[in-house]
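Mind having a look at this structure? Questions to follow.
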Amino acid sequence: MARTEQQSNDKFAGRWFWRYAAPAAFYPLAGKIEKIGWVLAVVLAAIGLYMGFFVAPTDATQGEVYRVIFIHVPAAWMTMVIYLAMAFWAGTGLVLGTRLSFMMSHALAPTGAIMAVVALWTGSLWGRPTWGTYWVWDARITSTLILFFLYVGYMALSAAFDDKKKGDRASALIALVGAINVPIIYFSVKWWTTLHQGSSVRPGSSSMATTMLWAMLIMTFAFWAYCVAAAMHRLRTQIIEREAGAAWLDGATK
Amino acid sequence: MYCGYCVGLGGLQGARGFVNPCSSLRLEALAAERGGKAVFTDVSVNVEARTLLRVLGPNGAGKTTLLRILAGLGAPSAGSVQWRAPDDSERSPNEAAMFAGHANAMNEALTVAENLSYAAALAGIDCTPMNLRRALTQLGVEKLINRRFGSLSQGQRKRASLARLLLRAQAGERAWLLDEPFVALDTDTQAQLAALIGEELAAGAIVVLTSHQAVAINAPKMQELML
Amino acid sequence: MSLRAATGAVFRREMQLFARRKSDWANPIVFFLIVCSLFPFAVGSESEKLKLIGIGVIFVGALLASMLSLPRLFEEDARDGSLELMLASSEPLAVLILARITALSLGLGAALTVATPVFALFYALPFDVAGMLALSVALAVPTLLLIGAIAAALLVSARGGAILTAVLVLPLTIPTLIFGAGAALRVLNGQSPVAELALQGAFLLLALALCPLAAAAALKISTD
Amino acid sequence: MNWESWSAFWDMGGRGFFVWGSYGALLIAVVAELLSLRSARKAAIRSLHDDHETL
Amino acid sequence: MSLRAATGAVFRREMQLFARRKSDWANPIVFFLIVCSLFPFAVGSESEKLKLIGIGVIFVGALLASMLSLPRLFEEDARDGSLELMLASSEPLAVLILARITALSLGLGAALTVATPVFALFYALPFDVAGMLALSVALAVPTLLLIGAIAAALLVSARGGAILTAVLVLPLTIPTLIFGAGAALRVLNGQSPVAELALQGAFLLLALALCPLAAAAALKISTD
Amino acid sequence: MYCGYCVGLGGLQGARGFVNPCSSLRLEALAAERGGKAVFTDVSVNVEARTLLRVLGPNGAGKTTLLRILAGLGAPSAGSVQWRAPDDSERSPNEAAMFAGHANAMNEALTVAENLSYAAALAGIDCTPMNLRRALTQLGVEKLINRRFGSLSQGQRKRASLARLLLRAQAGERAWLLDEPFVALDTDTQAQLAALIGEELAAGAIVVLTSHQAVAINAPKMQELML
């Protein structure tokens, strides 16, 4: 059984983590993080896109179409990173019983799912000119699709409970079960693609110019900043919904 | 129907290997939540053997919630529940008590005997055919032992499912947690159940009861808990 | 001793229910049969085509049939209150759940396994492939039920029904699907299916070790 | 500078559909997410003040 | 005038529910997506094979997704008592049911129709086939929901769940399946799909005429 | 709150196009079955406007079954039910009466207003926003009009769902069939509902009521029916 927040608070009283584990304390901090996130996202995206389109040279083998990479790769990475973060907070919530942890994983899930859609969409559009087809049953691609299913399952499950607290714990459990399965699925799909190799074209890796690499890295940081800001915004909305009636909220939302 | 273990021989090993047939119950600063909202807080009470504890309160006061916590079916948000044997060793709720809620806990496709012996096995009771027949006879439904539960009338169902409480090897051995047990019973059966509760109390059991109906029960000791 | 009695009781009850209510295993078989026979209508009945898709269709059909049987695990018990007997028991919940899943796997698994080679003939698959497919299904059904038990336990107190169960469970069964159908494909191609079978066995063992614990935690969450 | 003219920029060496299709989808996704964030916040604040009235 | 008000209210409520509970249409789509992506794992990823089964898989997936949405028609209403409002109304029950099915068809049908061509990409199907498949699905979903409403109405007060619904409904949908998948197959083979489409339209009209009456009778039987 | 149509002007066309706002009810040799077994037989009773009919009987006597037949939700196995307007023309149960059973008949995902206007449309009532607001005000829950029904507490739910009875264009226009309406209401709301029933009776309605609770209702005329 999970410890209750009260018990945990007593035990760990005074540590910074527990101070911010209280929604009331984290609400203003989340606001600050959110603001910084939006600013960074806009600035970094501006720099990254400028570099990507105007500084980075045309790719020798692919031509201009490779410029999709500046959003495709960051989106694909965020899909995985956010899933891990979501499962981490879900686990924290189950073990420590802190409300904020569950809210954190709920706040991350929709952004993660959107990143999965962006990775799949941009990858498909990129695949057509490079591999001659929109879709290939490649291991990396297929795992991204399954990761998308796991996100949707998590969100659908938490929406299926009228009792929020139960929904929190139930969906946290399914997030953890999914997290254990991700590597199993990845290696199974990899095995499967080698089993069925032949017709499908496999993604080749091209050596990249350093400006391309830089543009991609900067865009990755822009995606990070965006995802953090969006998650913090969603987190604050949830705090408002769930702490309705708490006195401190009146001042905070006026 | 007198429970020797309880009054005089606490801690002595019984003839068939039973230790400490009776219990006492202590709630300390108990609080519970449902759906994130506090239902009750700071409930403390001490119940000895041979006591009837009536839990009172309006709809939604948390009576069912409390009984489920006592049965080990829910966790309190704060405080503690302790079932203790007379020698003061702690017991698990499942060893100490039997819970009967709104639902019958009987599968309609199985016979009465099959349902009851399943319930006994899960409660850790060694249910002999004799025990089973005796329990059904006490409720006047021994004829139904091999009938499919789904083929019984509402009243017969209720009686057959109450037989679960009487499966224990020895009267008074376990506490009874009864949530609105008189609902849907006609007056005869109500009186019969009240008598059974009285006997169990006399034999040394604790009975915790919620009921919106005022049914007279002949209890050695009585306590009330208002939620 | 008491643990053995409790597990035995859970297992026995499940078997009695199977014996008493024929529809519990007959309906999944009929569903399996229907799904398998839908595809020839949609794809065309040339035996070359059918042979290509047969393994996949039969395996996915078995997955869907066992997935749709999942509500049987806890739903009825939650409604009539007998789930509480299991939850209140002092025996470890995970072991009791395992006993239930074992009984369901034996009942449903046996029925689907027997049906599989028959349906394989519809799809003009050779005998050895049909046999291997039956073996694969026999290994896959328990794995699926073990994984699915987690979702079934979570959904005891949620709105959502069969479709949400499917959304939660099916993605997690992809490894089983890959190696289960893979073993039969190997035999079809005249290769050795040992590696696939070994991996399927490994998944089953892993599921046996982890899923009952997760399902017990899930059940506690949803009935709290 | 990579591009001779704006039309060359939009053309992306003949692969404009794929490149702008990708960036456009990202834009739509981001805008949709931002809108839903904002409407969810508004709804939350509205029901917060509704609650206060009925308490 | 009062009939119009009542039908309008039933239709509007269904649409409000769709707008309010995203999972009602999102889950069937995701289920559809998952089922469509299971087959390649079992059959293999060679685009030739995939092209062969693609039409069938997508069509069967859409059938299963709409079939599993059937409980939505009456189950929740029966639980919360609002089904009685419809039963007590003096307007003809069949018309009210038809309004409900129409709303569900529009919501679910639109979602599945939009998703179909996207999934066709998984199976390397050409654009014109994908379009025809979407049209077929758009015609088939209402037919299926109309037929399925009868089963959903009968099962309001019965145990059995999704699997029994499937067993009752799927066999009745075989004609729709044959001609729906047939139309797309024709396009794949470069032939004209007009005959198949006409037949699908005829089925839809027939279902429109008969099924609401049968569903109304079924609902009266099962709630009496 | 006096219903002129009913007493003096039976059959006259009302100002807003309403004919015959009140009804009378006649049961003749009514019998009902559930699951193949007779529940009650040969029930005959005649109820005029402004009358409270209390249906009494133990659990399982068939009270709910009877009310559902009156509402047109079930068919009798023998005998007849006739709702009649004062000019003696027959009316369908749906025009003549509104039924409120154990369930709330409200969808949890929709708002109170959406639920109520759906119910009104199916009952053939032309529900204006003003009507709706007035009904909710009478029950003291006008603030909840745009709240999602699922977000209300049990008591709020019960009140909001009772507003359905008050949506009729004119008081006394329809008979009320109330199955255990006081269950789960706190004493304040019980009194409030009893007062509303009294007003509706005074305005000319028939009210048929089953209740295991003894709540005082101020009725112009009262009849009892023992099942």
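We call the chains A, B, C, D, E and F, going by the order they appear; numbering starts again at 1 in every chain.
Basically, contacts are C-beta pairs under 8 Å (C-beta built on N, C-alpha and C of every residue); 3 or more make two chains touch, one makes a residue touch a chain.
Just so you know, these numbers come straight off a predicted model, no measurement behind them.
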| item | value |
| --- | --- |
| Joint neighbours of chain E and chain A, given as chain labels | C |
| Most heavily contacting chain pair (counted by C-beta pairs in contact) | C-E |
| Greatest separation from chain C - chain, by CA centre | F |
| Taking each chain's C-alpha mean as its centre, the one farthest from chain A | F |
| Same-residue or different-residue interface between chain C and chain E, half as cut-off | same |
| Centre-of-Cα separation between chain E and chain B, whole angstrom | 50 |
| Inter-centroid spacing, chain C versus chain B (mean Cα positions, whole Å) | 37 |
| Inter-chain centre distance, chain A versus chain D - centres from mean C-alpha coordinates, in Å | 17 |
| Shared-contact residues (touching 2 or more other chains) in chain B | 75 |
| Residues of chain E engaged with two or more neighbouring chains | 23, 27, 30, 34, 41, 44, 76 |
| Residues of chain D touching at least two other chains | 47 |
| Contact set on chain A toward chain B in their complex | 1, 4, 6-7, 163-166, 242 |
| Contact set on chain A toward chain E in their complex | 124, 133-137, 142, 145, 149, 152-153, 156, 159-160, 189, 192-193, 196, 198-200 |
| Residues of chain A that touch chain C when the two form their complex | 1, 146, 149-150, 152-153, 156-157, 160-163, 166-167, 169-170, 173-174, 177-178, 180-181, 184-185, 188-189, 191-192, 195 |
| Partner chain E, residues of chain C touching it in the complex | 23, 27-28, 30-31, 34-35, 38-39, 41-44, 49, 52-53, 55-57, 59-60, 63-65, 68-69, 71, 75-76, 159-164, 166-167, 170-171, 174, 177-178, 180-181, 185 |
| Contact footprint of chain A on chain D as seen in their complex | 1-3, 9, 12-15, 17-19, 21-23, 25-26, 29-30, 33-34, 36-37, 40-41, 44-45, 47-48, 51-52, 55 |
